[in-house]
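Both complexes below contain chain A, partnered by chain B and then by chain C.
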Partner chain A sequence: MSASQSAVRSRAEAVKVSRTFDWMILFVMFFIVLGGYHIHYMLTGGDWDFWTDWKDRRLWVTVAPIVSITFPAAVQACAWYRYRLPFGAVVCVLGLLLGEWINRYLNFWGWTYFPVNFCFPSNLIPGAIVLDGILLLGGSMTLTAVVGGLAWGLLFYPGNWPIIAPLHVPVEYNGMMMTLADLQGYNYVRTGTPEYIRMVEKGTLRTFGKDVAPVSAFFSGFVSIIIYFLWHFFGRWFASTDFISGENL
Partner chain B sequence: MKLLKDKAAKLSFVALLAATSASMLYTPTAAAHGEKSQAAFMRMRTIHWFDLNWSKEEVKVNDTMTLSGKFYVFLGWPETVDKPEVAFLNVGEPGAVFIRQGSWIGGQLVPRSASLELGETYEFKVLLKARRPGDWHIHAMMNVQGGGPIIGPGKWTTITGSMKDFVNPVTTLTGETIDLETYNLDNTYFWHALWYAIGLAWLAYWVRKPMFIPRSIAIESGKANTLITATDRKVGIAFTAGTIALVAIAMGNTNEKYPVTTPLQAGLLRNMKTFEMPTPTVSVKVEDATYRVPGRAMQMTLKITNNGDSAVRLGEFNTASVRFLDSAVLEDTSGYPDDILAEDGLTVSDNSPLAPGQTRTVQVTASDAAWEVYRLADLIYDPDSRFAGLLFFFDEAGKRQMVTVDAPLIPVFI
Partner chain C sequence: MAAISESVKADAAEAPLLNKKNMFAGAALYVVFYAWVRWYEGIYGWSAGLDSFAPEFETYWMNFLYIEMVAEIVVASVLWGYIWKTRDRKVLSITPREELRRHFTHWIWLVMYGIAVYYGASYFTEQDGTWHQTIVRDTDFTPSHIIEFYLAYPIYIITGVASLLYAKTRLPAYQQGLPLQYLVAVIGPFMILPNVGLNEWGHTFWFMEELFVAPLHYGFVFFGWATLGVLGIVNIEVASLSKLLKKDLA
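Showing the complex of A and B:
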């Protein structure tokens, strides 16, 4: 076979090869994103995502969406500009959650015996679907950044509330009131994570009484818009192709 | 194509084999907590643990034991470590093998961090409930913000039974009794599985069609607009609207099901009750102190004055949780861990009773392999080469007095 000859001999074979490449690329992309996104989220979201007694109505709501919109924005930009595929955010979050569940189950539970109901990951899928949906319907990265980024922040807390609400039921324990999540953090000893490390319920947002979660979510949404813009440029840069002429070498 | 697939399969198999070998063939039990690695000055000059008691050495799953004792917050706290203004009474254990059912400082529950005062002694107790069978090294521990974990003495404790039998019942303020070990687990799995399935459905919609190569060619040839069909848009609307609706409905239902919820509780506990140790009538001045590296022994020249009304003898030197005893004065009956107990490790040049009003200068030697094993000898590499510890004197009636020492230490290499 010469260099100018096609590697396939019929249209049917071309389709078959193309589909094989589809699956290979998707498989590789899924696991690369899983690894990169997982490390990124563990380093930036970390304990807020690890433990129920960190999942508060102020900082978790604020921090988790901001640090988690990064990879979805970049992968969306890549998949949309190069292929018009609006599934970048969902692929990222499915990968992240698969990695997180494996980690939480095998490491947190399997090696150090923390109950899964204490160390399950946050749910990011509602925001990811809406982010992809807005990109599909609007066809604009700017619109996706503004509307999708805001929705990403706003949907995070309500998307997780059905899972964490049962753990916010109060309990009286040896003369003090705490939530069941607080009690989990107290009961299940973490040698390297003392109580004072917890960054929960800190800040000056006190004029909204008990309703601080929506305010935190709006703030998170606004910052998510900015982070989306930034990371979508990373995605575009990563997906760009440059040819260098021999003269420049 | 077949060649490519075969190669991919071979490489995947090799990678899988390597990953399995690396992760599974050698997984030793994590038994201790790096207590020997912690800088010696941290253990000698911060929190001094004493009178420790592990109520049981063997305990069944679901049974409880207590770890209790006292700790002295050293007045000569090193400048290189943040002061214990925010500190958390913890337990050093390899994972949650015991759960902490309660912990108290001076009788006050401390589920949160507390502020401790330098130069004060506190009484503490931790109630532990056995959860996972095995032999575990259980330490007292104080985490200090800006200082890190300050680990106290540890003792091997055996848990028998089966973890499957472990229960952690709790009654909430809404009157429901739950098992915290498994509470909310099905709900967590349900919502995560449901949302994952919805995410997969979204992905499945797109991957059933040709993806990368044909779409890339279409975009390169200016046909990008043809790639999104009317059906795609309808599906997009359905998923987006459906997601928002599901989130709203689920949140509403949850609020109906759990009308009483409270925010996470946080805050610092202040004004912890201190333990009043008897005021010492013995005063001690360290004239000099050396550490003889080859002999694994620390020698101090102490000028001791007895200002009390009863003769006293030096019975114990306690530093970094290692206890050096003069067995002629004091014998341990508390079951203190052997590896950090030198029953005859304290030698005093003249330990005859020091009469009231009398002053005597003595040579005190604390020698034991623990200096080396517990890496206390590494003190000579510390940024502030000082030693510190507690001296316990006993009068004729057996009454105990605690005196602290804190002085420079000179290493002797020859």
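Showing the complex of A and C:
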């Protein structure tokens, strides 16, 4: 190959080729990251994400942010540090939500007939915007981990509150006090129902009522900071361009 | 003038850099095929997929399993064999334009891999969650498993390996060795399939229906992380495309 030869015929063609690759790269990254992020999220926090009765004030608030900050941190580590693209977290979360919404409509409702207002996914968009915004404005991984990670945990519950609040209204049913979400679960018994009874809204803090959600969100933010650091370095490793020789296999 | 006419003729005869027809046909193939699969699940999941001891289960589900396994082995052998057999033995001496064309073809393969990973890891895996929260299984080969584990996963494995083979046999950028993150992005999700062995063993041994986030499923999570190897692939590609286009874009 001659170094003087050109791959394109004109500057216009070079620009067109470059733009076409941009779109193809975005498409491929979006769907492959969607697949990986979704299988990770559904198998580490899925039960809390699937059903409204699991979306309680304690474990949902604790678990969902901790397990969901992973892929955004890793993709930011590549998108920002290599290309100065400040949308790694939002792209991940949009992918995850697309995968989840398609599933909840076509499969949870379309195949097994759970109503969509019982199995809609959690909203992660506010935390993702803040995570990307802090990285864009601060340009620092440490700042993003500490401030962004904490915000990721703290914003989760308020970000979902307008959606979940109507289902946390108390109702009395057969002499029992429960939430509307609990009543939904009571009417749609699943194989996970026994575990729900064992895990959802248990613990001594619950006795004191209103403090459960903020305490859980604060704890979640703390762990999210640590997970962000860890996954940032995972992201850097995954973004490496090393080659190995066949002898090493 | 004659020289210009020759050049114009040559351009017209030349294959396009990006064969959009192939790309959209490939994408349509996956989408239409999986739409048909979803229709089949909807009809025969409820009517023939609830009791594995029923004769209709054998007819509609076990036969589906046998057919898909044979088809996958045949497709994988033919496709991988073809890509390897037709490899370019003088890959380092191709022209920059041919290299660019091959990068586009490589990205068509990656687009197919993206679609296949979406269906395997997202669509059919979460679908399995809702099926097993609804139907208590009496076999490892449930309708959702027959589609998820033994159809959607092999399809993304076949596509991913084909993509890697294409890059390795036709692109100069991949001649300096084996691209680590490409191997991670293809072999990691591949390992989800052998991990099905652990999954089915665990489901057979314990009653594991109650929690989708049960530790038994963490093998899928770990190997799912490997999809992030796509970041490394993108970086290798961007570096080699920059080399090809840099002076024209400057």
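Here is the rule we use: the second predicted complex is superposed on the first by the 224 of 249 C-alpha atoms of A that agree within 3 Å, B and C clash if a C-alpha of one lies under 4 Å from a C-alpha of the other, contacts with A are read in each partner's own complex, and residues count from 1 in each chain.
The working rule: a contact is a pair of C-beta atoms (placed from the backbone, for glycine too) under 8 Å apart; a residue touches a chain by one contact, two chains touch by 3 or more.
All values reported here derive from a predicted model rather than from experimental measurement.
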Overlay on chain A: chain C relative to chain B, clash or fit: clash
Broader residue contact with chain A after superposition on the shared chain, chain B or chain C: B
Touching partner for A:Asp53 - first (chain B), second (chain C), both, neither: first
Partner chain(s) touched by A:Gly110 [first = chain B, second = chain C, both, neither]: second
Which superposed partner A:Ile102 touches (first chain B, second chain C, both, neither): second
First, second, both or neither for A:His168, with chain B first and chain C second: first
Touching partner for A:Gly139 - first (chain B), second (chain C), both, neither: first
Partner chain(s) touched by A:Val200 [first = chain B, second = chain C, both, neither]: first
Which of chain B and chain C A:Leu230 touches, first, second, both or neither: neither
Chain B versus chain C as contact partner of A:Phe31, first or second or both or neither: second
Which superposed partner A:His40 touches (first chain B, second chain C, both, neither): second
Colliding region between chain B and chain C, picked from 27-35, 153-161, 189-197 or 225-233 after the shared-chain fit: 27-35
Contacts on chain A seen with chain B and repeated with chain C across the two complexes: 15, 17-18, 20-21, 24-25, 82, 111-112, 114, 190-192, 194-195
Residue numbers on chain A that touch chain C, as the complex places them: 1, 5-11, 13-15, 17-18, 20-21, 24-25, 27-36, 38-40, 42-47, 50, 71, 74-75, 78, 82, 99-100, 102-103, 106-108, 110-112, 114, 119, 190-195, 234-235, 238-246, 249
Interface residues, chain C side, partner chain A - complex: 11, 17-18, 38, 41-42, 45, 92-97, 99-100, 103-104, 107, 110-111, 113-115, 117-118, 120-123, 125-127, 129-134, 136, 172, 176-181, 183-185, 189, 192, 209-213, 217-218, 220-221, 224-232, 234-239, 241, 244-245, 247-249
Residues of chain B touching chain A in the complex: 1, 5, 8, 33, 86-88, 90-102, 109, 111-113, 131-132, 141, 143, 145, 149, 163, 168, 170-174, 176, 178, 180-185, 187-188, 191-192, 195-196, 198-200, 202-203, 206-207, 210-216, 218-219, 224, 227-228, 232-233, 236-237, 239-240, 243-244, 246-248, 250-251, 253-255, 257-258, 260-266, 268
Complex interface listing, chain A residues touching chain B: 15-22, 24-26, 53, 55-57, 81-87, 90-91, 93-94, 97, 101, 111-117, 120-121, 123, 125-126, 128-130, 132-134, 136-137, 139, 155, 158-159, 161-163, 165-184, 186-192, 194-198, 200-202, 210
